[in-house]
Amino acid sequence: MVNFLLIDCPDRKGLIFTITQIVFRNNLNITSNDEFVDRQQNQFFMRAELAGEVHPAALVQELSAELPPEANIRLVPERKKNIVLLVTKEHHCLGDLLLRHEYGDLNANILAVLGNYAELESLVSRFGIPFHHVSHEHKTREEHDQEMSRILADYSPEYVVLAKYMRVLSPAFVAQFPNRIINIHHSFLPAFIGANPYRQAYERGVKIIGATAHFVNSDLDEGPIIAQNVIQVNHTQDARDMAQSGRDVEKIVLAQALKLVFAEKVFVSNNKTIIF
Amino acid sequence: MVNFLLIDCPDRKGLIFTITQIVFRNNLNITSNDEFVDRQQNQFFMRAELAGEVHPAALVQELSAELPPEANIRLVPERKKNIVLLVTKEHHCLGDLLLRHEYGDLNANILAVLGNYAELESLVSRFGIPFHHVSHEHKTREEHDQEMSRILADYSPEYVVLAKYMRVLSPAFVAQFPNRIINIHHSFLPAFIGANPYRQAYERGVKIIGATAHFVNSDLDEGPIIAQNVIQVNHTQDARDMAQSGRDVEKIVLAQALKLVFAEKVFVSNNKTIIF
Amino acid sequence: MVNFLLIDCPDRKGLIFTITQIVFRNNLNITSNDEFVDRQQNQFFMRAELAGEVHPAALVQELSAELPPEANIRLVPERKKNIVLLVTKEHHCLGDLLLRHEYGDLNANILAVLGNYAELESLVSRFGIPFHHVSHEHKTREEHDQEMSRILADYSPEYVVLAKYMRVLSPAFVAQFPNRIINIHHSFLPAFIGANPYRQAYERGVKIIGATAHFVNSDLDEGPIIAQNVIQVNHTQDARDMAQSGRDVEKIVLAQALKLVFAEKVFVSNNKTIIF
Amino acid sequence: MVNFLLIDCPDRKGLIFTITQIVFRNNLNITSNDEFVDRQQNQFFMRAELAGEVHPAALVQELSAELPPEANIRLVPERKKNIVLLVTKEHHCLGDLLLRHEYGDLNANILAVLGNYAELESLVSRFGIPFHHVSHEHKTREEHDQEMSRILADYSPEYVVLAKYMRVLSPAFVAQFPNRIINIHHSFLPAFIGANPYRQAYERGVKIIGATAHFVNSDLDEGPIIAQNVIQVNHTQDARDMAQSGRDVEKIVLAQALKLVFAEKVFVSNNKTIIF
């Protein structure tokens, strides 16, 4: 049985010693360990994998007693995360995640998929996963998000994955899942504002197209970045071809980000990530 | 003896036939040929490598007579381009180009280097190339650019390469070298506006850092893109480390772009490039 | 209606003129055109996209009459290719292709899937595509391949895609589909011979893992290369993790290769590819 | 003042606690820390950055007393490494390292350059670094290596960097610098044996060309891998162009590898590297 111990707190001398002493006292073995000190913020981050029989409440209490009062301490058993996907009409990220889920490569249980359109229901149902069509039509953003929240409440997901969910979420919805909503979006050099970015990218003749996976905190495209990658494109590709290339990089980057998050390798601090 | 024939004009049926007929009539062999039609603009682009003895004036006249009046026709012998570099204080692109030049890998003659600071004179002089220190202090941008223009006039460069020249050029200067000034700059996902972008990239926790080589037409960072690439970074790199990674990708991307331009493989059309 | 005209023949002066004259005479417009001359082999390659009403037999006959007798001339209408997939037990390439097929991104009709194991039948059937379990047990390679050939005969596929088909094909089978069988396999730097290459890659501490898509001519891993790419790995990944990273790059590279082949952009010559 | 503490030993419970206790007792602060356990080998690796006043002998003695007897313990102050470069005729890695050295980006002092040809003396001398021409002609490999060894003895380098040194080193020479000789070589998918690999790569139509930086232990191209990367190539590039692309990736990969090694981030274990 492996547990992940995740601690971040203001840095001071002796932290690792203090922590590992408690771990040793509890007769646990550290099979992997990473620390990082953000010197700009003077913040200490540590992630350890613990082998052995853990008494969670007692261990966290012991740690709290000896660490600074601001310390964030999480002890999480190694297990699949429970997640729900939000989608609109694009299939590429959804399909990729359904396949990984089907064959045990996702490290998560997809409890359900919610779509603001019904288009993807057929795909989801083939994999035996509940699909909820929650139309946004004739509703305010808040009403729509509340309807999704009610459905999500039945599933209690640990993470909400926006697998090309193309609507902005309301602050109230986002606030329910701090650092637990993950989004994927295309990224361009230079950045393009406004509608139809692939059209703009084509007209600007960009040579690479990127994708960024990130947590959603408030602004849809602006939370802490988890993973990024790019793919080469050229002038022979029209906007539709570029979008197709973009889909390939999006689905791989989203899957990479989820792998890191579900393995408890990602800290969020000051709108950026520390990834071990 | 190889010549490059570069033609772009509004598309119509039979263009390649018309052109290759004239080439054949002139007893020339086409050893490489690329065409592309931008359907959005209905514009035809063609680049051919011609082997055989060319009578340039006659050939261009024949082509002009049979092609649409808007046709741009260029016939350029294969040879090294004459270039001048503009620099400020950063050495990485300059040093890389000096080395490529020294060993015949640049496909260009570096006639001179102009710097608005004197820092890089020592490096340039080791490679036997004239360095002109043209300080911008106590001068308006226009005065400074005019002083550079006077020096450039002695060299008649075909291309001006901004090898980390960190000042905006005046419209009058840029207008002297249409699609003949090439710049390299760092690029980020997301884009960062304002001072010290590497500091911003660090604080935002970006996972890739890019570089873009492009022609300068008006706005310093906004001309037609020639080449782009990225490098992976992570949270353990501070702003200084990220800048160092950025320098590696900048120097390679600039060299790749120059290679394409100097081989006459790049068309510019509507603020984007067609690259064969 | 677009047709692809594909020609390769020994190079000589005036080939493009000759070809485009015939095209022009037939009242066709060339909307895209690429040529390349392999100077080492003195071989000319040309791919043109023709718009307009084509009379195929007549056009090919005209071209044959005026081109060198060794010329290979193909005139292919733009349309989806008919393909059959061969699989074993690994799902990642198969699943990716089924999704692309389902949503019209593959440029091909998957007529059927043949597996030497039954494992993937469940996945294939969800997409409404016939699956044939052709076990190799208690059969010689030739018997097994003949059984597959008989099933394939009913489908008359233009291409056979080995989507992680883990058996060597008999020369007789391969000979039925010259340059029409496409395989994907992992690639390492350095190369590893023998069983369990991911285990070897892990033990050797490689930092990148690659994938190569290629035509199968005789030796399974040795035909003309169509596409290659790599992904970064590190020491924290065990052999299983490396294999998972490898699967991501394999499925993307295979899809890229198929896109090129199905768009008639790939010539094979002397065990290498020319890709326009 | 920062010191790097590097420990590897058989894994057992409490190692981090034991080590950090001693560090804490010595009034030192750990500003960065990485551990990794190779479960296959049951080997523990740890790298810590220590801030504070260190008494090296005492600290190492304390650690030795409490760690397993097989433990390798190194305590290294943060400082530039002293290195010597070996070259033949190719300039690209040498030039790149000379530039980084000149501008303080290398984290090392280049004490001297030894070449078995005199070609690169002119370049080296421009950077004020001693160049020794040690011809291999009319000498056995052992005689030649001994002559280099005598010169190296005067410099006492911590690392010997083969910046495109194109000869195999004798076992006796290699044995003098265990895990302290670093080589860069091109890498291909598939691998090519024998002379002129770029010619072979061209004839095989490879789509990517790679470079591998590694320690040299015995066989020239076979030691523990430090860094690898690739660059895309295509059929329009002849063997000479591919070699030029290869040079770009080689020089960047070598510099990346040296950066890791000189920052004491690389452990070698069982012919592979652990890189923090």
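Just a few scattered comments:
Which chain is which? They are A, B, C and D, in the order written, and residues in each are numbered from 1.
Going forward, contacts are C-beta pairs under 8 Å (C-beta built on N, C-alpha and C of every residue); 3 or more make two chains touch, one makes a residue touch a chain.
In this text, all values refer to a predicted model and were calculated from it rather than measured experimentally.
When chain centres are defined as mean Cα coordinates, D lies farthest from subunit C. Taking B-C and C-D together, the pair of chains sharing more C-beta contacts is C-D. Rounded to whole angstrom, the centroid-to-centroid distance between subunit B and subunit C, based on C-alpha atoms, equals 36 Å.
With centres defined as mean CA coordinates, subunit D is found 40 Å away from subunit C.
The multi-chain contact residues of subunit C, meaning those touching 2 or more other chains, are 32, 36, 39, 236. If you sketch which chains touch which, every chain touches every other chain without exception. For subunit C in complex with subunit B, the touching residues are 11, 13-17, 20-21, 23-24, 27-37, 39, 232.
Note for the complex: subunit D touches subunit B at residues 32, 91-92, 95-96, 99, 102-103, 105, 123, 126-127, 236, 244, 247-248, 252, 255. Of all residues in subunit B, those touching subunit A in their complex are 36, 38-40, 187-191, 203-208, 210, 212, 221-222, 224-230, 234-236, 238, 270-275.
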